[in-house]
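Chain nomenclature is as follows: A, B, C and D, assigned in order of appearance, with residue numbering initiated at 1 for each chain independently.
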Amino acid sequence: MNSSPVTAGLFANWLDDVKAAFLEFIGTTTFLLLAFGGIQAASPEIETSSGAGTSNVIHNMYIALSMGFSLLIAVWIFYRASGGVFNPNISLALFLVGIIGPLRFVLYCIAQLVGGIVAAALVLALTPGTLQSVTFLAPGVNPAQGVFIEMFITAALVLAVLMMAAEKHAVTPFAPVGIGLTLFACQLWAVYYTGAAMNVARAFGPAVVTGFPHGTHWVYWVGDGLGSLLGAALYIILKQNRYWLLTPGQ
Amino acid sequence: MNSSPVTAGLFANWLDDVKAAFLEFIGTTTFLLLAFGGIQAASPEIETSSGAGTSNVIHNMYIALSMGFSLLIAVWIFYRASGGVFNPNISLALFLVGIIGPLRFVLYCIAQLVGGIVAAALVLALTPGTLQSVTFLAPGVNPAQGVFIEMFITAALVLAVLMMAAEKHAVTPFAPVGIGLTLFACQLWAVYYTGAAMNVARAFGPAVVTGFPHGTHWVYWVGDGLGSLLGAALYIILKQNRYWLLTPGQ
Amino acid sequence: MNSSPVTAGLFANWLDDVKAAFLEFIGTTTFLLLAFGGIQAASPEIETSSGAGTSNVIHNMYIALSMGFSLLIAVWIFYRASGGVFNPNISLALFLVGIIGPLRFVLYCIAQLVGGIVAAALVLALTPGTLQSVTFLAPGVNPAQGVFIEMFITAALVLAVLMMAAEKHAVTPFAPVGIGLTLFACQLWAVYYTGAAMNVARAFGPAVVTGFPHGTHWVYWVGDGLGSLLGAALYIILKQNRYWLLTPGQ
Amino acid sequence: MNSSPVTAGLFANWLDDVKAAFLEFIGTTTFLLLAFGGIQAASPEIETSSGAGTSNVIHNMYIALSMGFSLLIAVWIFYRASGGVFNPNISLALFLVGIIGPLRFVLYCIAQLVGGIVAAALVLALTPGTLQSVTFLAPGVNPAQGVFIEMFITAALVLAVLMMAAEKHAVTPFAPVGIGLTLFACQLWAVYYTGAAMNVARAFGPAVVTGFPHGTHWVYWVGDGLGSLLGAALYIILKQNRYWLLTPGQ
């Protein structure tokens, strides 16, 4: 009994935290393996084999579908186990609003970042051609624009997780569907402009595997981090306005 | 106690109405920020960078997905707070059938119109190129056709909100899904012909930001307003026929 | 009391049957107005305005989305009122398995066929160009193939309605989603080959408005009628095998 | 009473097993008839009739939609009857984790393989042109890559079935939606690289009908079989970590 009470509190459930983080690693790898695989299948190299060019619009729609529905089903599978977070920026928001503790926060981030690297490496090994899932800014998008786009879409995803999954109501068990479709809707906007990472693990994994080919990788750490803060702030505003009293019967 | 009883009735919950309208502003901005962003990403300017042209059909499918799923998830997030209306034409129908009072109706319309302007301004600031989300009539569509197309699709959306969300039954908590998919289905028809606003706030915001470049902007006020009336009228017909008794056990 | 007991039985609820048929008319018109509008928006004439051709595959995907999701939301809206049938071939199957009586069957078929005509006429009036929603057999598809394709997909739709909506279980209130997605999946197969009517009202309406331009219109009466029989027969096989006992706990 | 207790146990419910296998045959045929029909409708031969080429990306998106949503609705229809397995690799996993017995496992595999053949033969008979649904490895994909891609996506599908449908919780009745969308997400990755069989019955049927035109058909037996093992192993890991205790309140 030489541990202080604070330490006892932080590490009281350390085994559960480790187990949950291990499942987060498997879940994040599942999500990003399918998603990065879909991005690979949308690549221009595949295009040329048919003799017809694909428009960027089709390319982006395919990636949005792949990202959104890979997340949807991966969260559905792991929702009642680790929570199906798969994203350090959501982990941060959950920590900030007090839903997870500091140990689980740190372990989840590590598991998620490693999952992103493993998924990228697997797709590189299993498919021909160069890895297509590295995020970068489109021509004409400056880093400030990139930061704010990433901030807004990450905040939308964070707010979706908090309002759909963390808040308890009749539709809470169906949150994986809403979370996946939120990623889908955000991708439809931003996959062209920034790659729509909304998740540093999603940006970091392919960047590690390809040796950080773009100098703007920091955008995903700053922008997505600001998105965690904005999303958590909006959630706190909703809670402090006691949102559930404003439209009775809804 | 110098207020008249009528005033007391109308303004009895004024603070809740103001709070709800503030959340409507945030929600409408979220919805239209993602949706206008998606429309921007479907623009012909993006197309040309790949050397292959996109057909109008792909362009319209992309926009319908972006509009429909942005609404779906934004309503899901804000449904139990402000109701997730995001649309003065739905606000009008809710007021006409007695679900919201006059003060909330006025405040919601203001919040929604301002949300549309803010969303359009943000997309203009965050993405290169001119704003793509202004609505206008396609070549060959005359203003009368535009008014009636907008009337019919707005009425479908209004009726969906009233039957899915306002009426209480087992699936009511899932109304955000049905409402978003109603927007999606209506967009698939009309995004080519009229832009499928179905919502004066969605038409007004980009028009303000771009300086009202089209002389047919009035179509969205008249057509969508008529749609509010038609949708509310169909709902009243359903209620007066006591629709829930006609197919027992359903 | 000069009516025979049989007549009394058949017409006992005649007013409810008339009211329900009236709502079926409104619902069928809503469904097919959106769906035919979407088909119009996928037409080759729209294509040419962008200078790039659309592939048949995109064209068919767009139509399948429009048909499937228009049905999904229209059934959702009218499900607890008229049942949201919108299809004489489903009406026939419901009559054959004893869910609706003969008077409601006849009234529903009339309402649905008239709804199809009204929807086609509205789309013709509201959009430029010729009506695109007439069904016909693709080159290389002979009438026997057309009959059997329509039979199989109509049977799938009928079976979906019977198992998802007529059978009562936890997911019954969500049947509109499953029914709409069944139409979507069947359209993805057959919209190219036969137009994927799966519903004589959907084939009849545009044929009336355009003056029956194709000699193979009978295919939709024979094939879809056989589909009603096959779907009802599969349902009876499932019921007679007491299907709910075969996989306990599911 | 000359049968041993073990035999009595294995064949105690033999009639239910036979009936369930018969329904599996009908269900698998329904699923793959719609899915193979959709693949046929995405074929390059259809493309050429419009004068515009389709990109591989569109082709693959169309197939993924058709496969995913055909499974979704077929499972929804047959879920409470036979379980809606439709896949020998899922049958194997259900047998390995003890959910179905050996007799039902064998009968289901037979029913599923025969269903795949019947579906492929029907599509060949009903549509012009050669059968398009044979799976093969894309250029540049070696058999080892093919085996591992099939292993990973089959494992994801197996894990989805076990966690969404076999585990009992609030969303279990909605498992058909999650299972269909899992197939969809996996198809988006692998339909280009391996055909994304994820199911030996899906690979076997078209191969039988077309006379095994590719020497790599074994990939689908080995890879998908390994996927059954990996999926079952992940499920056992989740269960042994008592996953439902790790994130209380989820």
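The rule we apply is simple: contacts are C-beta pairs under 8 Å (C-beta built on N, C-alpha and C of every residue); 3 or more make two chains touch, one makes a residue touch a chain.
Because the structure is predicted, anything quoted here is derived from the model rather than measured.
Taking shared numbers over all numbers used, the chain C to chain D interface scores under half, which places it in the different class.
Rounded to the nearest 5, the angle that brings the Cα atoms of chain A onto chain B is 90°.
Centre to centre, using the average C-alpha position, chain C and chain D are separated by 28 Å.
Each chain gets a centre from the mean of its Cα atoms; for chain A and chain C, those two points are 40 Å apart.
Shown for chain A are the residues in touch with two or more other chains, namely 52-54, 58-59, 61, 174, 177.
Those residues of chain A that touch chain D in the shared complex are 16, 19-20, 22-23, 26, 30, 33-34, 37-38, 40-42, 46-47, 49-54, 58-59, 61-62, 65-66, 69-70, 72-73, 76-83, 122, 125-129, 165, 168, 173-174, 176-177. Residues 44, 52-61, 64, 138-141, 145, 148-149, 152-153, 156, 159-160, 163-164, 169-171, 174, 177-178, 181-182, 184-186, 188-193, 234, 237-238, 241, 243-247, 249-250 of chain C are the ones that touch chain D when the two sit in their complex.
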